[in-house]
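Note that chain A is present in both complexes that follow, paired respectively with chain B and with chain C.
Let's turn to the complex of A and B:
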C-alpha cells in the first residue's frame, strides 16, 4: 500500500465515526445549542426579541434580577421545594420499594400495592395539579376529613394562604414524584445477592442493621444518581406550581421557573427573562457536571 | 392502450394554467390572525370571509386561527420579526407593546381617505395619537345575581349601590353551608380579576384609576374601592381561596349555588345555563358609590382588530376592517359570539330573542364601555402588581392606602 493510500485510509477511519455521529450532532446543535446560545445572547441585549435592532446591555439585566428581592425569594423557594421534594421522594420511594420487595407481604396484596403506588406516575402534571387543587380547596375533601377528625377547627386555605401554600405545593410534588425512586430502588433491591442477608442472619444481625449495613450501601449508587437527576428535574418544575398557585399568594410560591415565565410573558421583558433563564441554566449545569463526575468516578 | 395527447387538449390545459396563473397574480391574499374562529360555531367566520371575498373580487382572506394565548405569543413574535399578518385580532392589553414596536398601522389616514363615519363605532383605541384598534365585539361584565339565594336571604331589592351590595352579600353569606355573598378571583396565574372584579367598581361610578395618562392609584376612587373590597372580606362575605381562585372557578361556584353574586362576562350566560339549567339568575349593573347618578362605566373585554404596519396590502386590509365594522356584518359576527357590537347601530339578534341578553343590552346602551387597561404598557404585569398588593391587604399585611401607594410605586416605574 502506498503512503498516499495509507493516509487516505487513516483519514477515512478518523472521519467515519464523526459521519455516523453527524445526524445526532446536527440535531443537538439545532435543538439544544442554538436555543441556548440565543437565550444567552438575549440576556446581554436591551429589548431582546421585541426590537429588531437591540443594543448591547452588558450585565445590566443580571444586575437587575440580582437586585430584585423577588428573585432571591424565588431562589429560596426553589431550593426549599427541590430539597424537600428530593428527600421525601427518596424516603417514600425507599419505604415503598422495601415493602414491595418484602416476602412478608401476600403476593396478591403486593401486586395491588404495586399498581397503587405507581399511579401518580401515570398522571400528567396538569392532572396532578387539578387533583390537588380540588382536594386542598377550602371546601375540599382534605379539610372536610381533617375537620371531622377534629384535627382542625376551621377550613385551611392550603394553596391560598401564604403560610401553607409552599408546603402544599411541595406536598403535591412529593406525591407526584416518588414512583421514580420507588421503581429504581426496587430494581436495585432485587439485584442485591441474598447471600449477604443470609450471612448477616448467621452473624445475628437485626433488621435495621441489615438495612444500614447491607441494603443502603448496596443501593447507594442508585440513590445518588437518581437524587441528582431528581434535583435537576425538580428545580425546573413549572406546570404544577403555575396551575396550583400561579406563584402566589403574594410571592409565597414564586420559584425560578414562574419568575422567569412572568418576566417573559407578563412583563414582556425578554432580556431579563433570558438572564434569569441563564441563572437556572448555570445552576442546572453545575449539578449536571457533578452528576457526570460522579458517574465517571463509578 | 396508447394515449395520445391531442393539440386541442394541450391548448385547453395551457389556457387553464394561464387563467389560474393570472387570477392568482391578480388576487391579493390577506392573512388574518385571530383567536375568534375557535370561539364561534365551526365555519361561521370563514363564511363571513367568503362573503367579503365575494363582495371584494380580487381579495382573498386566509384565516390563521388558534387559542387566545397562542395567538398572543404568535403576534408578539410576528411584531418582533416583522412577520405580522396583514390584519390582526387584538386584545386591548397588547396594543401599547405592539405600538412601541411600530407594529401597528395608524388607521386615521385610512379612515380619512375612505370618509369612514367614526360616529358609527363604539370606540377607537388610540395610542400616541395613532388609531391602532377598533373593538369589533365587546363582552361586558355585569353582576350576576342568584335570585333563589337572594330570595332565601330576604334580599328583595337587588343592590344598586356599594352599601346595598355589602348588605346583600352579608345576608346571602352562610359560611356553615359553604355559601357566600360574593366571589373574587385573584389568582396570579391570570390576574384579570383586578380588571374585571376590582377596577370595575371604580369605572362603574364614572371614576378613573388614571389622571392625565398616568396612574392615580392613591386617589380617592381606587382607595375607596380597596376599602370597600376589604370591608366585604372583613365581613366574611367573599368565598375563601381568593388568592388562587381563577375565573373558571368563580363561574363554577356561582353555577353550583355557592355564591350569591359575581361580576362576570356576559359571554358566560349560555355556559351557566348549560351547567345548571335550573339556576335562577338575573343581571344587574355593577353597583355604584352613594348618590352617583351619572352614566355607568361598563367593564369589558373585547375582540379588537388592527392592521400591521408592515403589511403590503394596507388598502385591502382596511377594506376588511371596514367590512367587519359595518352595521350588518358586525351584527352577524357579534350574534355568533354572544357579544355586543363594535358598531353602535348594529343590533345582534339574541337581544330580542333572549331575556337575559336583552336586559344586558339595555345596561350596555345606558352605560359606556370602560376598560382603562386597554392601551396601557404591560397591562398584565400592572394587574399582577396590583393583585399582589391587594392580596397583601386582604391578608391583613397592609391597609388599603398602603396597598394603593405600593401599587402606584410599581406602576409608575412601568410607565
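Let's turn to the complex of A and C:
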C-alpha cells in the first residue's frame, strides 16, 4: 500500500462512524438544537420576531421577568403543582402496584382493577381537562356527592375560586399521571425474586419490614428515575391547565408554561416570552443533568 | 439442635397433582440427611414443607418434638440456604448476615459480635463491607451459609446450594459444608439432584422418585444393595447397566451369551431360584466390567461386545459398548444421557486399556457383583 492509499484508508475509518450518525444528528439539530438556539437569541433581542432588524437588548427581558410578581407566583405554582403531582403519582402508583401484585386479592378482581387503574392513561390531556371540568362544575357530580355526604355545606367552585383552583388542577394532573408509576413499579415488583421474601419469612420479617427492607430498596432505581422524569415532564404541563383554568382566576393557577404562552401570544411580547422559556429550559436542564448523572452512576 | 420427624406427609396441588405421597422420614439430632432424586421428584417440595414455605396437605411434621405443621416459617427454628442464595443485593455482607438479628431487635453490639464470630469461621471477615455483587460464587455461597448460621437454628435446610458453582469450586464447597456441619453439629437436610454430593456429604441419603420415598440408607448401603432398579440406576456414576435376561438353572442368558452364576449368588438371594425359567432384570455397575485383555479382567467370564465410543478421562476410560441384550430403563430421566444411541452399556476400564472405538472385544464381568430385580416390580431380589 502506498502512503497515500493508507492515509485515505485511515480517513475513511475516522469519517465512517460520523456518516452513519449524520441522519440522526441532522434531525436532532433541526428539530431540537435550532429552535433552542433561536429562542435563546430571541431572549436577548428587542422586539424579536416582530421586527426585521431587532436590536441587542442584553439582560433587559430577564430583568423584566424577574421584576414581575406574576412570574414569581407562577414559579411557586409550578413547584407546588410539580412536587405534589410527583409525590402523589409515586404514592398512588405504589399502592396500586402493590395491590395488583398481591396474591391476597382474587385474580378476577385483580384483572378488573388492572383495567380500571390504567384508564386515566388512555385519555389525552384535553379529554382529561374536559372530564374534570364537568365533574368539578359547581353543579357537577363531585359537589353533589360531597353535599349528599354532608362533607360540604355549599357548592364549591373548584376551578373558579382562587383558593381551590390550584389544588383542583393538581388533583386532575395526579389522576392523569399515576398509571406510569403504577405500571413501572408493577414491572419492578414482578422482577424481585420470590426467594428474597421467603428468606425474609424464615428470618421472621413482618409485612411492613419486607416492604421497607426488601421491596422499596429493590425498587429504588425505578423510583428515582421515574420521579426525575415525571418532575421534568410535569414542570412543562400546559394543555391541562390551559383548558381547565387558563392560569386564572387572578393568576392563581398561573404556571411557567401558561405565563410564557400568555407573554407570547396574548401580549405578543415574544422577547420576554423567550426569556421566560429560557428560564424553564435552565431548570429542566438542571434536573436532566441530575438524571443523567444518576443513570451513569448506576 | 433437634430431630426432625415426618410422618405420612402428603402434598397435593390444586390440580390434584400429588407432589409428595406419604413421606416418612426420621432425621436424628445432628444428622446430615441428603434428599436426592431426579428433577421433579418432589425433593424441593419436601424441603419447602419442612421450612413452612409450602403448606402440608396431610400428615404430621415435628421439629424438636414440636408439631410445626401450622406454624409460620419464622417460628419453626430453622434456617434455609437457597439455591439462588437469596442475598439482598442492596445490603452489605454484614447486613445480610445480621438481617435476622436486626429483625429480632438485637442490639448493635451483639449483632457485631455474632457476625464477626461467623465471619471468622467462614473466612468472610475482610468482605463484611462488600456488596454481594462484588463477591465470587463461592463467597456468596459462604455468606448464604453465614446467614443461616447466625440464628443458631434447630435445623439447617439447604436447597441445592452448590448448583450455581463451577465444578472445581463445588468439590471444595462440598468438603467445607460437610466439615462445617460436623463442627456445628446441627441437624441438616440437604436437597440435591447431584448424586456425587449425595454419596459424599450425607450420613444418610433418602432417594425420592415421583413424590415417593424409595430408600433411606447410608451411601455405602445404597450403592451396594439398592432396594429397586431405580435406586440402582440413580446411585452411581455412570449409572448401573440394567438388562433383561432369562434364568435357566445356574445360567443367566441374554441374547447370544450366557453368564454362569455361582452357588453363592443363590445362597445370598433365597428368592432367586424361583425365577428359574422366567425373565429377570440383571444389573452390573460400569466399574465391575473389565477389559478381558488386561490382567484385572483375566479371572472373570467374558461376553462379546462392540465398542462404540471411548471417553478417556486420564485416570480411567469410560467405554460405551453395545452388547446383545435388551437394556432396561431404571426410570431415572437423567440416566438417558449416559447411553449414546448406538450403545446400551457403559464400562469403566483402566487407562492401560487399548480398546479402540469400533472394535469387537470380549468384555469381562465380575459375576459376584451382579444385581437382580423383578421384571415387573423392579424390586431387588
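Simple rule for what comes next: the second predicted complex is superposed on the first by the 292 of 298 C-alpha atoms of A that agree within 3 Å, B and C clash if a C-alpha of one lies under 4 Å from a C-alpha of the other, contacts with A are read in each partner's own complex, and residues count from 1 in each chain.
Methods note: a residue touches a chain if its C-beta (ideal position, glycine included) is under 8 Å from a C-beta of that chain, and two chains touch if they have at least 3 such contacts.
Owing to the predicted nature of the structure, the values given are computational and were not obtained by experimental measurement.
After superposition on chain A, the partners chain B and chain C are seen to fit next to each other with no clash. In the superposition on chain A, contact of A:68 is made with neither chain B nor chain C. When the shared chain is aligned, chain C comes close enough to touch A:202, but chain B does not. Of the two partner chains placed by superposition, only chain C is touched by A:193; chain B is not. More residues of chain A are in touch with B than with the other of chain B and chain C.
Once the two complexes are laid over each other on the shared chain, residue contacts for A:217 go to chain C alone; chain B is not touched. Seen from the CA centre of chain A, the centres of chain B and chain C span an angle of about 150°, rounded to a multiple of 10.
By the touch criterion defined above, A:157 reaches chain B but does not reach chain C. Applying the stated contact rule after C-alpha superposition, one finds that A:267 touches chain B and leaves chain C untouched. Remark: least CA distance from chain B to chain C after fitting both complexes onto chain A is 50 Å. Chain A has no residue lying at the interface with chain B in one structure and with chain C in the other. Contact residues on chain B toward chain A in their complex (touch as defined above): 73, 76-77, 79-82, 97, 100-101, 178, 186-190, 240-245, 258, 378, 380-381, 384, 387-388, 391-392, 395, 397. Listed in rising order, the residues of chain A touching chain C in the complex are 193, 195-196, 198-205, 209, 213-214, 217-218, 220.
Residue ranges on chain C touching chain A, taken from their complex, read 51-53, 72-74, 78-80, 82, 84, 86, 88-91, 99-100, 103-104, 147, 151. Chain A makes touch with chain B in their complex at residues 49-52, 133, 137-139, 155, 157, 159-162, 165, 242-251, 262, 265-268.
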